[in-house]
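In the two assemblies presented below, chain A is common to both, partnered first by chain B and then by chain C.
After this line comes the complex of A and B, so read on.
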């Protein structure tokens, strides 16, 4: 009885504080924005809404976004699962190289990734140049439209599979596979009937995430979709930037947001039907099987390496071009003379160039740590307490999905540019903390999804056993639950950090003059109205960003410190012997 | 125990936020109390490509402490308006007279007459002294003059879409987010002013602009307008005045400039002080310095600008001077443009761009 009471008080305080945060930084700014957009001086204008429906371009954009949102989860799932199987289930030669290549999408994304693909497959890209010598009559601008966007994004979005799906896959109880094999099942049947069902929570989470990524896709459609395949996000962005058109942006975003919430609702219902659990209690690691049929074996190797090259080449291209001048970048004609360190010199010697990196690293670190810690607690609460309140709470956490970052940022600025009681009469606009709050808010939904999925992997009977043996809740949490969700939590730390390191949408309206983030610098460089030199510098910026991202992954997720230690230790041992 | 664990984290977050607010507040207080050498926060869309570093260095030499917020024209404008009730910026410069008159309408600017204003053509000066002109910007069509002879080049925008040979061989804006692409559009639309027409423009005007966009090609591959031209992917593109020397230098092409019979749009970049409870002395002094012939001269020489301060005009890059002679400013009613531009843009974005 006493314990129950204590639990309630603790939970109560926690929930009050969290709800306060949600109300003041999620609900109020969004409502304020809706108010300012829909109930402006002109009143509600139906004409504006009509103009969207009558616009062929807007409607086509919505259709295209939807098409991408439906197809992307399918293609990425196929590629992602194949990659995981190549790494963890089948025995493929050169696994180390494949592992590194498959991890590239984790650190290489956004505008620069699209640039990398363009420089490879675009009309002046080197693959196209080679193809043109073989087929002189082909269209040099073949890498355009829906197919090209889908191709690029399918590979670029595999990162969730490489991290979370792979993690879950490795934790599968190998004895179940052996048992199935003993009963005479084929490899394929084992995968389908034994392995995949246990990975359902991760599947569902990846599906939602990919649906959302496809729906909101920005850089890839903008840069390689061209006029044949325009999606809605770039249009929303332009409308957001013009105060008088903001209502159009808000309507379109609400529409997209609703689609996501519907999908989320369906998946939540599905989740409630229950999940299979197969985490090995007695650790038997998966043994990779070699494919017995020779042609099939050859084919798997071929595909595995093809995937690796598709991931690697654009990155190498960006790396190479970062050492060339603007003229080379625009003509794509490389010769020995085009190489110089000028771009690197410009960035490294300018006193204003490194500060944005420091700022972004600090903000991204703080935001990702806060959001992972808080979501670990909240997700646990929601998994443990299935009632109306937790369902509502879960929906609240997903609100940031409804409005694009730029709009949410505007809402924050407008709401807190004068003292508000809910934040104790502070003016937050122009302060250092407002950008951090925004980062935390937009990182919540995805972090929550993945942590929740990993809590499903915790076997309740283990916890019960600990409790019966007299372990206190915190002790059993740290000793039993934490080790199981830790890989996900660490991965989320790294992923959140990387996604906010080069953020532009939120930062542009929120950053304090003394703390300019690197994403804003990059975007102002890539704007052709700002001049022509920025483009070359952006290659260098993205190389630096990739380096930082890789370091974070190496140390936070891949346990880099120990890897290095082991490296030295093994050398020592060798030397001694 | 578990709950203490939870409470610990959440209260840490909570305290962190409060501490953040508090820390920032005290910063503001200290900056208010120090009357001498106050920090000046400058918002500008004209400080990219090394200009900001240069400005900061020059300002430091004169004893100013400045923080620069470098944003694109639209982002800058939006951010200023969003921060209306609690302006972070002290000074903003680089936007054109239309954007500044919107800020003026919203009562966001303080009245101030800079010391250098008598060096500037009176016609360019705002009569309420809410903002003051710094330099001229023009937007025009360009072509590679090594490839196309001047007498063979098109004479005006209309020639681009009435000549079938040029279909897909000229660049049109992919979106109307920037000042340059806006100028491309309104320069053409203004030839079809019609009070009874849709948004003040005749039907013929809309048909023409539709054809202009449909026959043109857009920039997609992460390039700039100039580089597509230099690569020979297109014959005609457009750019703004101060970009010409940079393009010619970096891409090794000689540009030809098209001056239509009705001229090219000319906008004037302005500087203004944000209205606040307390406008610091440093802010005023900074504006007094920013427009001086001394600074504008250096600035113009290094970055290809064309200052309106008469004493600084001797430092204008010779190539810029040449183009200024080659082009004539279009006679534009900027009030009319300012009142209609956002509707025009919206219409084009929804119904014409495809």
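After this line comes the complex of A and C, so read on.
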């Protein structure tokens, strides 16, 4: 029997509302999508599946997606590992600069990055314009199709290696390397035989994540791939826009859902195999080795800086051109007179210019606050109540993880394009609220996992201590538990805000025309029809988004709060002395 | 002062404590001792009110507190991890219970100062965040916080288990001196035999949810009632009836006993061959203040601790006289079922 005696009236109401929300916006849309694919008026039918198989364009899209999904892990792994080695293993000059350059994809990604690449290497891009003056007969559309998408994504996805692989690499016990060296192994052999085998589980996880990213890629194939290289996600978007082909979009998204399930299964199996743990009692940190061969050392420096250059150029181009006038942006020729603050003035003063940014900030803020607050209560409830109800609740929260956002967005569009009783006969498709709902749903699983882990980290005896001293549950939650989980809650707030601020993949399906989010605007501004003003605005949007992303990373990952505190303290000590 | 009468604690269908009865006197340092999972912490948590008992009565000063809520029992608790609130200073931790009781600011200040003096915490330490304090300081804050509301009883759940050996030894003394000085009734949980022997007025030895013996440290160590207590409380040489015969010790005086134990320090060795039992030293480990010997007597191996004065004279291969006092032999029979 399920025991719910600890539920107070407030929690009970929240649970009822939450269950309604989950059923309405997680279960029903996915079921509707499946129904629309496999059921017709005559009952079960596979006609729609056949129509996909017969569609040349759709099948080419599936092939392209698989091609990208298979090649991306290979190229990114090569680049990612090299970047990590340049930062953590080999003694490369200017490591500080390289570190910053390799971290650029963390703050400059998605639709922003695709836009940056397009302006840098596209047919009318800055670099292309320079190249055309040197090679007038070259094809201006050289940066297009599979190769361009793979190039862009390979560098953009190195963030996976910079976060996961680098951390794991830094945790390797240096004594094992020294032991191998003492036994006569060369540095390269040590990497292959000692270091990399230890990191095998991380390799596998990164590979699977990259396969998934390649398969579901949206922004890069859409903006750089063009008609030459269409993949599943942009095709779903195209098919969704026409009601007649919406069913094709549904079939494709179901296919993505199926792939996601397979990949999640592989990841879980991989995790279950466990990791190689250091058995060293006294760990020593990795010491960088200098490359003794001069030609090899030169080559390493060359590659290291080439990678940094590739990451930096689109960002610098966006940053510099955001400070130039329309004429310069149009001609791509820059001189000292080109610089102006006009684009920034426009964004800060023109209603139409700043509205998308404000819209995105509002949606991202609202979604991240709602999801963090609700998950704080739900996670606490689940941690404190181990019964069938809490198990079901936990499973429900993880559903958005199992299905790709695209499939879920399409499910929402299909389900709520006509009145539905479960939402009191309202039509939600095209409304202002549907995008917020979608943001909240996709942010739930991750937020829940982090908050749950944080609650588990709270020593039960702290609450017992408060209880024995007479504190009521709410008082001890506010005074004792909340300060402990607050850093995680704030970090999740910031990360969620960041991830939805420039969102394109979900927003493009669900936005209301009167409240276009910035991700969608950047995409439409990158079209040649949008004109120079749109391009100029894109630069400023990108700069603002980058600045916000960087701030969040600084505070959440780089312990920014303590860095600033230490800075002030050291100044205070200096002044006092 | 504290009475446990026929207490039973169940976790779903598992009976952790089947039937527990004991009492603790006022001002006593009472220790619940036993291996992991024997029910000592369960007993302590039942006393503090964190666990609901499924049978029996717990009373303090003859007042039934079995169904009284946690904070009304007048029990202060020091947790294994100290459970200090990490976001607060030492002062705020100590004052927490008083603030909950909505005491005036002046009273809180005065009471915290009084407690700080008791546990020897300075004003500077009181202003520190507890995360920045040493293990010893944290323990003092935990004790002061537990005493802030003037409880009748102070309970401690393995408060020294997370500390290094040196600090543990020094804090043991602090706890003992503090309890003696202020005469607080204390119920202490530990699995460390040495700690229990050193600190306690009386010890209750738990074995699988049941009490095997309650007694003073001397009674527990030198007159262990059960084979489990004998083996758990310290090292002992086991001798079967046959072994006793082999070394020439008559078992008739031990009634129906068929298992015999002798503590290593109760076996005296001498080079002078004037004893009845003669053995050979087969190994020696020198530990500074004492030496540890293995002796073979007619195929029966003994362990013996000897102080350094004696140890100097004895070497591996020496024939030695082995002296055993019959009163030092602890005897048990199979009839007394031990769960060990």
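Throughout what follows, the second predicted complex is superposed on the first by the 297 of 577 C-alpha atoms of A that agree within 3 Å, B and C clash if a C-alpha of one lies under 4 Å from a C-alpha of the other, contacts with A are read in each partner's own complex, and residues count from 1 in each chain.
Just so we're on the same page, a contact is a pair of C-beta atoms (placed from the backbone, for glycine too) under 8 Å apart; a residue touches a chain by one contact, two chains touch by 3 or more.
Since the model is a prediction, treat every value here as computed from it, not as a measurement.
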Inset, instruction - Have a look at where A:358 lands relative to chain B and chain C in the superposition and call it first, second, both or neither. - result: neither
Inset, instruction - Report for A:484: first if it touches chain B alone, second if chain C alone, otherwise both or neither. - result: second
Legend entry - chain A: partner with more touched residues, chain B or chain C: B
Legend entry - Partner chain(s) touched by A:289 [first = chain B, second = chain C, both, neither]: neither
Inset, instruction - Could you tell me if A:100 is touching chain B, chain C, both of them or neither one (first, second, both, neither)? - result: neither
Inset, instruction - Would you sort A:31 into first (chain B), second (chain C), both or neither based on which partner it touches? - result: neither
Legend entry - Touching partner for A:467 - first (chain B), second (chain C), both, neither: second
Legend entry - chain B versus chain C as contact partner of A:413, first or second or both or neither: first
Legend entry - Touched partner set for A:475, first chain B, second chain C, both or neither: both
Legend entry - Residues of chain A that lie at the interface with chain B and also at the interface with chain C: 475
Inset, instruction - Provide the residue numbers of chain B that touch chain A in the complex, in ascending order. - result: 1-7, 9-11, 13-14, 16-18, 20-21, 23-25, 41, 48-50, 52-53, 56, 67-75, 78-79, 81-86, 88-89, 175-181, 218-227, 230-231, 233, 240, 243, 246-247, 250-252, 342-343, 345-346, 349-351, 353-354
Legend entry - Residue ranges of chain A touching chain B (in the complex, touch as defined): 6-7, 9-11, 13-14, 17-18, 21, 51-52, 54-58, 60, 111, 114-115, 118, 122-124, 144, 222-227, 234-235, 238-239, 241-245, 248, 325-327, 330-331, 350-352, 370, 373-374, 377, 410, 413-414, 417-418, 423-424, 426-433, 436-437, 472-475, 477, 508-509, 511-514, 516, 520-521, 523-535
Legend entry - chain A-touching residues of chain C, taken from the complex the two chains share: 48-50, 70-71, 75-77, 79-81, 83-87, 96-97, 100-101, 145, 148-149
Legend entry - Contact footprint of chain C on chain A as seen in their complex: 459, 461-462, 464-471, 475, 479-480, 483-484
